[in-house]
């Protein structure tokens, strides 16, 4: 702070608190609704304070699911989401870290072409190639499987670029010293490069975990079998009940449960998260 | 305990740039060789070719009697100390030194023994558990040397290892490197751009210029009988003075038109006369070889440097005198050259005249 | 781009890039080229035969007023979302940069929405605006303003914009805060000594220095609004009422997956690919290097 202006400081705090309240309000109200019983939501009153059906609603949705819309128990969906998020994050990191290694540390024919091909994935989000991708997955028999949910998502230009960028900052002498010490390419990668990349891997993991968890269109396409639903897409099945209102307290309980894991990851690993976010955009 | 032989060694980069034009040399067992030259002269390239970090375009490189042109750096049985030390940041000092031995599948006991021996020699035993980031510049330098000596290699390679240290530490480490190499009797090749380092460390030194060795020899040989104007100007500080001299039937003259009091090699119309600042003395006008006018005086304590201008010459002549200068700025003074220490060069080829 | 010092190995690099390359070809390049190919075909209603028709699908699209409407709607939606998300984030970042006490706490409370899936963000705001049990929807109705996004297209649009922007605020906030904190303090202090007050300093020093960040965020937010907001719409309004929230990505999905108009949907895909390619190249060429964090 350059100068002391109590009024301005007070105003800043006030603005931040209002901003935070605005941002938190929808989640608070979702939580409130998730603890009501069905009848309370038809009473013509807007509930602002949690009701008394927290345990009842949540245990019902977690372990039984919502029969009306054919949604399986949310616990299953959470497990699916977890599997998907972890596989996507680990898969993306694994294939990116090795392909970046090849691109930076080796000279080989088509190196440039491969780099540009990886770059092109940035330009082809799933939203613009929905139908043919669906056909590929169907032909490969990957519908309704964890493989179908995860493998097609693990190609990643962003992660490859991040590692490439990071490798470029490692002084050349590091590889030279390793070569003098007698280390070949694989030992150098495992003994030197991988340990040096630890923070980057962790930061990337946070970002990619969220990316994987929050996938929506992809699981929507790949899963028709409810036992492969993920939370984020499963909620759509609960919202889109033909000719009737969604069962709000169940939908909101699902929404709350669906956001808790990634929010916990972001909040507890805030530093890594911010680092990952900023680095991946470089 | 090894020899290194370079036979017409050449390096041409993919873009066509020829960095090394063909070097022949025999490095004797236990010898300390310093490669010195300005930046871009190819000295680092040459060292890296010996290390195996740069491919050899042509010629032969032998360590002992083995041709190693195609041998991986790790299998040449050499060790290298890098300019920025290149310590592995995530490993402790111990692991940094042990890494090369681990890769060579030495037993844990042998590794421990070797590392401890090296740590004793370099007095870094107390630092073994630390990470490189917790060390000072001088300590890192020692660890880098430790990493080289644990392997007990045939040849040590040093790539400007002292240039990241401050002046005082540099002098201290320079002496230590010399002592260490004497004690271990390992052949060493050392690259630097600092001629003082080169002079003080080398058994023999190679002065490189434009990808070619200008001269190879002991420091005093190079100082006393530089083969080219380049070597003459590079070795010795302050650098040798050069005075263009014209020779005709009447005799030799300075650019000022003054006649020389001594003879110059015959058969050349123009000759470059070289004289070191320490080989010029101030004298009385009747004994003068040349008269100068003081432009700047630099007192260095033990010595003083007097920069004097001379009619017809673009650059000032530098004169080194003991103690304080006896002349004042703007004053005119007479100097005499030490006749035993005159050097003559051909101004067209820049090489020494006999 | 690449190291000067490299390993020589004939096989290893190919093995290292193989997984990435295979996945890219099978799941990215191949389907995308299928889209391009499809966009030149017209299939008969039973999918039995198809005919190569060059750009007929594209011509049809650009003659189709519903497509052009969707285009305009997408622009309106994207710029509104970007503007809302960026301005809110900038304001909050400036405030957070000003306060010394509690900065980390505020930061934590402001960044978590990044973790909320767009689909869930949509669902949360769908509830907020619900005419009977949502605070805003109910409140507006109680105040005499008739709110029903099930029937009113504009209101549905407002709903999806707010939900999309809400989720993006934290992303922008992080970048703005990083940008603000990278401004050298002496610069601000020098201005203060020159007598510039906080507002004046913001206008003449801080904002100009933040402009690369702002520009970068504008591009990122537009890409987000164009493509990543599909879940917001799909989970809530489903493009309705009466296509009032049908943006381009939603239309591709709807026409292709639900309407089974393969050629038309493929042509739309190709147009979207061109847009996203353009934005990506733009971002890399003009934005990436100038952003200061």
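Chains: A, B and C, in written order; residue numbering restarts at 1 for each.
Keep in mind that, in the parts below, a contact is a pair of C-beta atoms (placed from the backbone, for glycine too) under 8 Å apart; a residue touches a chain by one contact, two chains touch by 3 or more.
All figures in this text were calculated on a predicted structure; none of them were measured in a lab.
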Draw the chains as dots and join the ones that touch; what shape do you get: line, ring, star, complete or other?
line
By count of C-beta pairs in contact, the leading pair of chains
A-C
Distance between the centres, which are taken as Cα means, of chain B and chain A, whole angstrom
58
Which whole number of Å gives the spacing of the CA centres of chain A and chain C?
16
Listing for chain A: what residues touch at least two other chains?
176, 184
What are the residues of chain B that contact at least two other chains?
53
Junction residues of chain C, two or more chains touched
5
In the complex, the residues of chain A that touch chain C are 1-3, 5, 8-9, 12-13, 15-16, 19-20, 23-27, 29-30, 33, 41, 44, 46-48, 94-96, 98-99, 101-108, 111, 114, 117-118, 120-125, 127-136, 140, 151-152, 154-156, 160, 167-168, 172, 175-176, 184-186, 188, 210, 213-214, 216-217, 220, 232-233, 235-236, 239-240, 248, 251-252, 255, 258-259, 262-263, 265-267, 270, 273-274, 277-278, 281-282
In the complex, chain C residues that touch chain A:
1-10, 12-14, 16-17, 19-21, 23-32, 34-35, 38, 88, 91-92, 95-96, 98-100, 102, 106-121, 123-128, 130, 132-135, 138-139, 166, 169-171, 174-175, 178, 188-189, 192, 198, 201, 216, 220, 227-228, 230-231, 234-236, 238, 249, 252-253, 256-257, 262, 265-266, 269, 272-273, 276-277, 280, 288, 291, 293
In their shared complex, chain B is touched by residues of chain A numbered 171, 173-174, 176-184, 187, 191-192, 195-196, 198
So in the complex, the part of chain B that touches chain A is made up of which residues?
51-53, 72-75, 78-80, 82-90, 99-100, 103-104, 147
